[in-house]
Amino acid sequence: MAYWNVDKIKYVGTGDKKSGLGFQYYNPDEVIGGKKMRDWLRFAVAYWHTFDQRLVDPFGDGTAIRPYDKYTDPMDQALAKVDAAFEFYDKLGVDFLCFHDRDLAPEGDTLRETNKNLDKIVDKIVAYQKTSGMKVLWNTSNLFTNPRFVAGAGTSPYADIYAYSAAQLKHSLEIGKRVGSENYVFWGGREGYESLWNTDMKREQEHAAKLFHMAKDYAKEIGFDAQMLLEPKPKEPTTHQYDFDAATTIAFMKEYGLDKDFKLNLEGNHANLAGHTYQHEIRVAREAGLLGSLDANQGDKLIGWDIDEYPSNLYETTAAMTEVVENGSIGPRGGLNFDAKPRRSSFEPEDLFYGHIVGMDSFAAGLRIALAMKADGYLDNLVKNRYSSFDTGIGADIESGKATMAELENYSLDKTQAQLRAATHSDHLEQIKDTINHYIVQTLK
Amino acid sequence: MAYWNVDKIKYVGTGDKKSGLGFQYYNPDEVIGGKKMRDWLRFAVAYWHTFDQRLVDPFGDGTAIRPYDKYTDPMDQALAKVDAAFEFYDKLGVDFLCFHDRDLAPEGDTLRETNKNLDKIVDKIVAYQKTSGMKVLWNTSNLFTNPRFVAGAGTSPYADIYAYSAAQLKHSLEIGKRVGSENYVFWGGREGYESLWNTDMKREQEHAAKLFHMAKDYAKEIGFDAQMLLEPKPKEPTTHQYDFDAATTIAFMKEYGLDKDFKLNLEGNHANLAGHTYQHEIRVAREAGLLGSLDANQGDKLIGWDIDEYPSNLYETTAAMTEVVENGSIGPRGGLNFDAKPRRSSFEPEDLFYGHIVGMDSFAAGLRIALAMKADGYLDNLVKNRYSSFDTGIGADIESGKATMAELENYSLDKTQAQLRAATHSDHLEQIKDTINHYIVQTLK
Amino acid sequence: MAYWNVDKIKYVGTGDKKSGLGFQYYNPDEVIGGKKMRDWLRFAVAYWHTFDQRLVDPFGDGTAIRPYDKYTDPMDQALAKVDAAFEFYDKLGVDFLCFHDRDLAPEGDTLRETNKNLDKIVDKIVAYQKTSGMKVLWNTSNLFTNPRFVAGAGTSPYADIYAYSAAQLKHSLEIGKRVGSENYVFWGGREGYESLWNTDMKREQEHAAKLFHMAKDYAKEIGFDAQMLLEPKPKEPTTHQYDFDAATTIAFMKEYGLDKDFKLNLEGNHANLAGHTYQHEIRVAREAGLLGSLDANQGDKLIGWDIDEYPSNLYETTAAMTEVVENGSIGPRGGLNFDAKPRRSSFEPEDLFYGHIVGMDSFAAGLRIALAMKADGYLDNLVKNRYSSFDTGIGADIESGKATMAELENYSLDKTQAQLRAATHSDHLEQIKDTINHYIVQTLK
Amino acid sequence: MAYWNVDKIKYVGTGDKKSGLGFQYYNPDEVIGGKKMRDWLRFAVAYWHTFDQRLVDPFGDGTAIRPYDKYTDPMDQALAKVDAAFEFYDKLGVDFLCFHDRDLAPEGDTLRETNKNLDKIVDKIVAYQKTSGMKVLWNTSNLFTNPRFVAGAGTSPYADIYAYSAAQLKHSLEIGKRVGSENYVFWGGREGYESLWNTDMKREQEHAAKLFHMAKDYAKEIGFDAQMLLEPKPKEPTTHQYDFDAATTIAFMKEYGLDKDFKLNLEGNHANLAGHTYQHEIRVAREAGLLGSLDANQGDKLIGWDIDEYPSNLYETTAAMTEVVENGSIGPRGGLNFDAKPRRSSFEPEDLFYGHIVGMDSFAAGLRIALAMKADGYLDNLVKNRYSSFDTGIGADIESGKATMAELENYSLDKTQAQLRAATHSDHLEQIKDTINHYIVQTLK
């Protein structure tokens, strides 16, 4: 218990302007909207960004100062990281963790050796789970960092790499079962193309679909009952990634019969890179019944790459949580995983706490605001009224399928321009934006 | 025959560096790749941009000088435009035209009056078709310009507007039948949202799907056998348009059972606004078996709105035509419609000819280059070799579904890092790009 | 007093979540930070967007419903608009207006006729100013809408157009004197290029600079003592506009000796289109001593064109007002002009009030928050501490110019990697972002 | 002579469509436009991307296979790289190299140790220069990779880091003198900000300017007579880099009195990231008399980060070389440095040759095309005619400053709308684009 030089982060309530090592909005056991905040939000810490990330960028070496830097042997460090991680979870007060297989332990020269390293670390994690009650929101397999994945894993044009990917994935699913993961995520970092000139997109997508089917079937076979999730991202590192955004991924899932067994894990920064808001992506998934889980972070819309910033924008967390409230939950077994890292200039250990605090408090705030609007029926009424002409009369006939084109022509043929204009109404969007500002301040004060 | 002060545009072959009123690459009756160029390309002139467009922009009034500007009565001008249009088609040497209903004739106060205006113009078009042999590549209905469509047509929250849209569409389908359109296109200019706060996206999409079903069924009912097409565009004028890109539109079509009867009409500039290349969008549609037709234009990737520039970039036309050659045709009944307009500073009548010449020649050049690469098997061999490890052995077992995860693990467990790296090969993308430069020059010289 | 069917907008204070026809943060005569809010903010209503804007977009006709729509004669309507405008100012409670010459009155066939129309309207405005006390924050000349400006005004390649532009501008300066404008703004809508192939950029920029000199000299000659301002925007309608952003415009001003007499008018949406935040642009101008005035609006960073939305984002207004507070004022004679319009779907008259209310309240809120941070020294201390190593010792020697390269080499040559790392400190940016959230809520509650 | 398994790359002329290990357009000793091609183009190989770059990306380890990978001791490898580099230069047939100090040798724990490593490698380079005649186009100092530069070097808020930067730079200038660099480049990788909240932009810029002055003065002091160059880039790795683009950098240079001694080094990909074309940036610098040298690469305008692709787009190389031809040279002592790397999937040694071949041939092609247009006076005449109304009459009076505003008013007051429209002319941009296509094909065939 000497890794992190901070006390347990507690709920302190509002008042202080200066951000400190306490939560102002996240009060885990407070019941709002019929559930404890911890059950609405199901926060998870991401192993890679929190414990492995050295804060490198394409033009600079890592700046991070971490309490286990003194360990030089990779396995020693990997083991120390587990201790540090579970102390971190405890001090931060989260209930879930997430990890890639390769976050945990170094690779050996063969998969057999790699798996051996990995199993040793997983043993230690399982032991900690027993004493701490920590759960795994999801685990996944890193099929993009090693040079062998230069042209993808499930979409690699090289059969040996595909075979290796399936083998690596198999063990990762077995680990998922051991740690009791609620979900299993696939982010297709290199499942896309660098150039269309030499790419057989269809063959690659068929291969990927086959791998997803194999994974799902194998999970069932071994009794690993996690919810399977795909995570869209449009590009980076590839020129184009097949799981471009929620809608594209849904099209792929439908084409290959995956939409019954897979759902989506959505990330804010990825949404922006695809030209969408985070809310849009969540809405698309929600309405398709495919919202699985959320990667909580934010981008900078003036920056064209993935910055994985801790979420702090209350407009965005409010919008995201509005969708979650409407959905009843983040997803059947979903949560909010902080796929986020400190800025390269926030290189001290305590910045990992400040980052999670702003992230957790911003989403807790978003939840409070979304529930306040829900309680007042504010947005519900806006929407209900706006579409009310479809609830009766010709509108109802249209919705029921009763109205034919000929009938609609007959209904419309002699309506004047003025009559038609009168059927439309102002959306008063400026008033809506002002009202949302008021909800934020009045709810959080 | 006094509208356009130019002679018929003829094929003159290469040689002149200065662009003149002749084609250097488009030789309509030349047979290449087993078909006449005119049958590969099926060029169409867009009524709206060519005859109606005044070259306005958000900060400026129209600059266009057109030969029918002297007519001040809207119907007189509409009638004169038909004469001018058919003279233009004849002089340019195209076989197809495209139009929206509202391109042709002014609206009256009621749909009944509007339809009357419209029918009079259509009568004249039909008469011209008989004497000229001109065909209609597609027609469509303008459901976005009039203020009544402020919140959409098929996705309008106002039942009376939806009803009117269906009524307007009904007549547009009837016109399609009269003029013998090969396709019928839907571009959902306002079928999207300004804000998610007040939008019931699902209800709107269900309404839109219903309208598409109605349209398809009514077309069948009246014996109008056009191919139905949806045209994606991500945004503008809306914040988000439902038919964002090819993949999103395919997801929508599959969700609502439209993928059997509808295909896609794809535009280059729209592709760019969605973050894609034109080639990408065509590939997505082609591989899904949903390529219907093409709107031939180009964007400026540094500009964030739709500029609908005449295509001139030989890299882009080559890439597009490579997909078309692979597909065997642009689509079952598709063609290349110039959804393109002169720059606002190219305001003279002859600029309409120069614009179409650079567009037609650039696509004719792209066809020639694509066929040259096909004849040499250049790209085909690249792709065949790249994926050859899936043609036999473990790769074939993977594709056939014979290989289980356990077998793949067994196959991979003791492979060394070096062995796996050796299974991957350089893509030599720099050499490919250089080769494409050579194909362009050597084919077109 | 029958144009706008609303009562005077009053300060009502916080409490209501639903936005109504009252201010929650803008209390004009409240003294904060040593000045009345009205004197800090100097809000202006833009004639073009508020009274002329029909809410058109590139794909749709105007939707706006305005109380003077019944007037069909252009001059009658122009006269009625003045009545409506001054009633609007009064009801909204602003002290300033802004206008282009062509906002006020229709063009005649010649400049002489146009000026006559214009003078008649200006007479009426001047009369209203006397009774109401309304001031003009700035006026300007519309040198971009008419087709004659197709290739620019001050940068037109056509001498007759340049001459005309100077003539139009001359009268506009005279009007500025009559109405007592505090500033005179130049937005170079078409002062840029569509293509570099046919553009002599240097010659065009020299022409523009000459026109700015002429204008400044003529203003002096007639005793019109307004502050001259240039307004940057990167593109739209042009491919590239010469006044791309603050830094580019400053480079131009310095090159042509304009930096003594001109300052900058900066707009939020324009900043985003240039890849910058609004705060960045204001900072650049402020530190160069060239901050003149502000166009208050916001963009949508996922949208690639100018949407001129009413400002509602409290992060952005806080950042902008932080710069203003640091500067002591918006500029020597500057103010906040709402270069903003309702969404096309907010087409009713009262939306003009809601739009201004959210804009005014958001900037008033930003002012309150910025002053709260100032009062606490929050940001000042952050910055002071961060650079403190330059206040003494080697840092002070560097700043004073005393330290030579050789001395700095000597100072550094044997410092270890660890010693150098120890000289750097975490920026704790996550904590800063969290603190700003708290300032927003705690100040506005 | 065993590092690279290829023969000398020779000029083979056009004909082959498949790109091979020969130049089709670059014929170094061919005289065109009055100079040898090698003297027009002055190609340089970048040490970092060619010999150091491991082809990593943010989600993947390096894939590069390099002939000196067998050396595990850093200094052994650094020495072997020099042998490999000079063999590469010879086989490729370039006359220039470029490097950062840290490209050459590993850092020690102190600057003293680092310099010792570095000097040893520079000794070897100098020896090779004597036997080979290879020249250094420019050298520079890497002040961004090491964690100590987390907040910049010349703009670091930490005086010790600033001091160290000056010290490192001092030695780098001394090396420049030893190797006889034609230019010395500053790319301010981290000279910008992550957040404005804690940044004193003005103080940072003053510090940077001081460092540039020191560097220039020290170079003079030691008799190192290189042309000093600043290289703009808008962002990445920082949120905002002070040298955003050419115009911004010029503003900075003018503000701090650097415009007499410094010029610009411009990069294609950086131009795009700033929202500009490469041609635009070169034009801006050229017209300001500040064009120094060029970093030859290209971006993908649909990708939001720096990809440093080898140039292959003939439109872009033609546009760039058109500016160079107009300028008479790339710059007083400039050249074309390939700041470019193979795609991560082009990981074999020969891809380094293919990359440079497509780059060199594309720029050689651009030169040929630009000279062909120049010889025909094609663009010159376009421009001359477009502005001819300023050569005589009222236009000449405007340019000479003779025309007053009053005279211009008098000249314009009674001109009709039609007369003014008649003073404008179509730009025929579509014809221009078509003509450029013809120049490309007809020149290169």
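To keep things simple, chains are lettered A, B, C and D as they appear, and every chain counts its residues starting from 1.
Heads up, the rule we're going with is that a contact is a pair of C-beta atoms (placed from the backbone, for glycine too) under 8 Å apart; a residue touches a chain by one contact, two chains touch by 3 or more.
Just so it is clear, the structure is predicted and the values come from calculations on it, not from any experiment.
Listing every chain that touches chain A and chain B alike gives C, D. Judged by shared residue numbers over all numbers used at their interface, chain C and chain D contact each other through mostly the same positions, with over half in common. Rotation angle relating chain A to chain D: 180°, from a CA superposition, given to the nearest 5. Note on interfaces B-C and B-D: more C-beta pairs are in contact across B-D. The mean-CA centres of chain B and chain D are about 38 angstrom from one another, to the nearest whole unit.
A separation of 35 Å divides the Cα centre of chain C from that of chain D. Residues of chain B found to touch two or more other chains are 146-147, 150-151, 194-195, 235, 275-277, 302, 343, 345, 347, 427, 429, 432.
Partner chain D is touched in their complex by these residues of chain B: 14-19, 24, 272, 275-277, 301-302, 310, 312-315, 342-343, 345-348, 350-351, 354-355, 357-358, 361-362, 365, 372, 376, 378, 426-435, 437-442, 444-445. The part of chain C that touches chain B in the complex is made up of residues 57-63, 144-147, 149-151, 189-190, 194-195, 235-237, 239, 273, 300, 302-306, 343-345, 347.
Those residues of chain B that touch chain A in the shared complex are 107, 109-112, 146-148, 150-151, 156-164, 166-171, 194-203, 205-207, 210, 214-215, 218, 234-235, 240, 244-245, 247-248, 250-252, 254-255, 274-277, 279-280, 283-284, 287-288, 319, 379, 382-383, 386-387, 389-390, 393-395, 398-399, 401, 403-406, 408-417, 419-421, 423-425, 427, 429, 432, 436.
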